[in-house]
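The two complexes that follow have subunit A in common; it is paired with subunit B in the first and with subunit C in the second.
What follows is the complex of A and B.
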């Protein structure tokens, strides 16, 4: 059970956007898709949801290709940055239309969420601010009956209060429905603890694929005088560096060698997901991600 | 309940230690119901699987009891268990650090003992 993404490649105007993407989504988990602007996140999500076609590779849902497969498509929903709704249409009318389209769209729940977020459903879609457009699309994504929900930059334009409310409602929805969520975002810090598993995509390739806990268990900052730090880090996978006066720090991704003797002058600290992400996707750095 | 999460330690361990702290400070008394996994997940934006992993540590160590269909409760004798555990760790967790800092500050053993007496 789940979604398999196999050997997906995509070229736009001679530029390779996705090189060779492979990963799996197990049913009932919350996944994060992290990448810098232009890394290929939206393209990948659009391909999985069958909105655009890949040049090669395939996407399988429970073992069946999603290509022209109505059953599979009814089980996936992509909330994207693109606005697919008519500007002049009222929110309540779009809710009703969605109900016609997806039989089990939960109209009552959608209205309840609209009230919580303060979205006036008698407004026209075109009149909504950026934040409220996101909120409106989020409400649809949470209320559709599809089992796999893909959220592409869901918190675009949302203020802190609305983001807080969104995380709450997301967890609530997840606990009640056990749906699978794949969420792309660049606001990593806020969402780290909600994610069970992450994919980090960089320049069209998946560079990290793992459970958040396991990944963070391999992410360290080794700090101290430069010579001692460099000595200690020899042969380890250094993904970034930092200097604060005479204190030097090496960011490491990978297991440390337990047999090494740690000098008194050197300390080992942990890195959070955001720091790890920044270091792994910084082009100026030579080291790479080890899978 | 107030959770203050940081990135230094895995989140499931922090969930466990924060609940343990609440038992220790008697914010949760014995036999009292604690918030559900869902409530903790929702309020602190933590994946339910992570919260469950943390709570299961407390179940294993006998601090929390799960009652099917009702909820989770602080076990009888939980406070005592936390106290015993913390006493065992007191030397390593606190005293060793205080002595190390005292040495760096060139505070002698006698001076340190005097300071501790003053603090009591």
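What follows is the complex of A and C.
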């Protein structure tokens, strides 16, 4: 049971956006999809949700292709950065329409969330600020009956209080429904302890696919005088370096060799997920457009 | 020398957005303007930069009103969330236009930043993603010759690597130019150690105005069994509460009384700026629209 993404490839304007993407989503887990601006996250989510087509490969839901499969599509919902709603339509009307479209849309829950977030549902969509557009789209995503929910940059423009509230409501929703969430966000530090499993996509390829705990168990900062640090790190997988005055730091991703002797001058610290992400993806900066 | 904001008041659609705002910006400092979605930050910045008019009060630059004052206006630049550029115009053409408009616009520096951020300047503005629109606007704000730079949500949509790069380039620019920056952002935690002084605006009023260090010196979390914590906190300024299992926490803003005896069961910790902000502004959630 779950979603299988198999050999997905996508080319836009002669540029390969996704090359041979493979991963699985088990039912009832919260996943993170992390990547730089332009790494291909939105394209990948749109392909999984069948909004756009891949050039090759397939997406399976419980073993069946999602392509032209109404049952599969009714079980997946993508909240995207795009604003697909009529500017002049009121929020309450869009909620009603969504209810008509999805049947089991939980209108009461949507209204309850609107109250908590302070979203005035008599407002027109076009009048909402960036933050409240995100909130509105989030509410729909949490209240639709689909089992697989994909959130693309769900917290764009949200203030710190609203972000805290969102994380709480998301976990609450997850505990109650056991839905599967796949969340793409640039605010990695804040969301780390909600995520169970993470995919890091870089230049159209999945470069990390693992449980968050297991990943962080292999992420270290080795710091001290440069010579001692470099000696200790010989043969290890150095993914980045940083200096603070005369202190030199090497970022390591991979297991440390237990037999190495750690000099008194050198310390080992853990790296958090955001720092790991930045170091793993720092080299690749893309060409600006990804709209 | 500097900017004085005096008794600024603004009403939109019969709603008081700003009520009697007063503060000063000294030349050569980095300020933060923090507030919830809809608190009035963007309106305030637009008034200071003379893009919109207040209903009463005035803004002085070096003692002179900025109103219809070309000299003052040439010394202030506002990077706003609004996208004021023609969708079909190329980035390099907008850079050139800005140079014509501002004379001393540093085209070489703008190009250098574009390279660092991976912004393809042959792209049309309308083709940029949210993140790259922010990057483009940031680059202009850093390269214009104005002495007072106001940044409204400068890092909207930026990935973690680009945010790190932005903070570095901002500090670098500040050290070199000694310009004054007033920055409004929702990502408080990340920017805290760059800010020297902070204004927190809530419901159209400045509720905190102080140096970051001094503010954080008054921000505490008192945690332990509820009864002991509540006893210890009697008479202190409790701005929020939280529970973790049987542990109860009170958030305090204000000086602790040295004469109080701290029970062994109770601990005192520091609160960071984001947590302080969330607690100070948690009650007030606004009505959705602030576009």
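Worth pointing out:
To be clear about the criterion, the second predicted complex is superposed on the first by the 283 of 291 C-alpha atoms of A that agree within 3 Å, B and C clash if a C-alpha of one lies under 4 Å from a C-alpha of the other, contacts with A are read in each partner's own complex, and residues count from 1 in each chain.
One rule holds in what follows: a contact is a pair of C-beta atoms (placed from the backbone, for glycine too) under 8 Å apart; a residue touches a chain by one contact, two chains touch by 3 or more.
All of these numbers come straight from a predicted model, not from anything done at the bench.
Of the two partner chains placed by the overlay, neither subunit B nor subunit C lies in contact with A:265. In the superposition on chain A, contact of A:161 is made with subunit C only, not with subunit B. Of the two partner chains placed by the overlay, neither subunit B nor subunit C lies in contact with A:56. When both complexes are overlaid on chain A, the residue A:187 reaches subunit C alone and has no touch with subunit B. In the superposed pair of complexes, A:174 makes contact with subunit B only, with no contact to subunit C. By the document's definition of touching, of the two partners only subunit B reaches A:217; subunit C does not. Ranked by how many residues of subunit A each touches, subunit B and subunit C are led by C. After overlaying the two complexes on the shared chain, residue contacts for A:231 are found with neither subunit B nor subunit C. Within subunit A, no residue touches subunit B in one complex and subunit C in the other. Taken together, the subunit B residues at the contact with subunit A in this complex read 5, 7-12, 38, 41-50.
Interface residues of subunit A facing subunit B in the complex, by the touch rule stated above, are 30, 167-168, 171-172, 174-175, 190-191, 193-196, 213, 216-217, 269-272. Against subunit A, the residues of subunit C that register as touching in their complex are 35-38, 81, 91, 117-120, 123, 126-132, 153, 156-164, 186-189, 274, 277-278, 281-282, 285-291.
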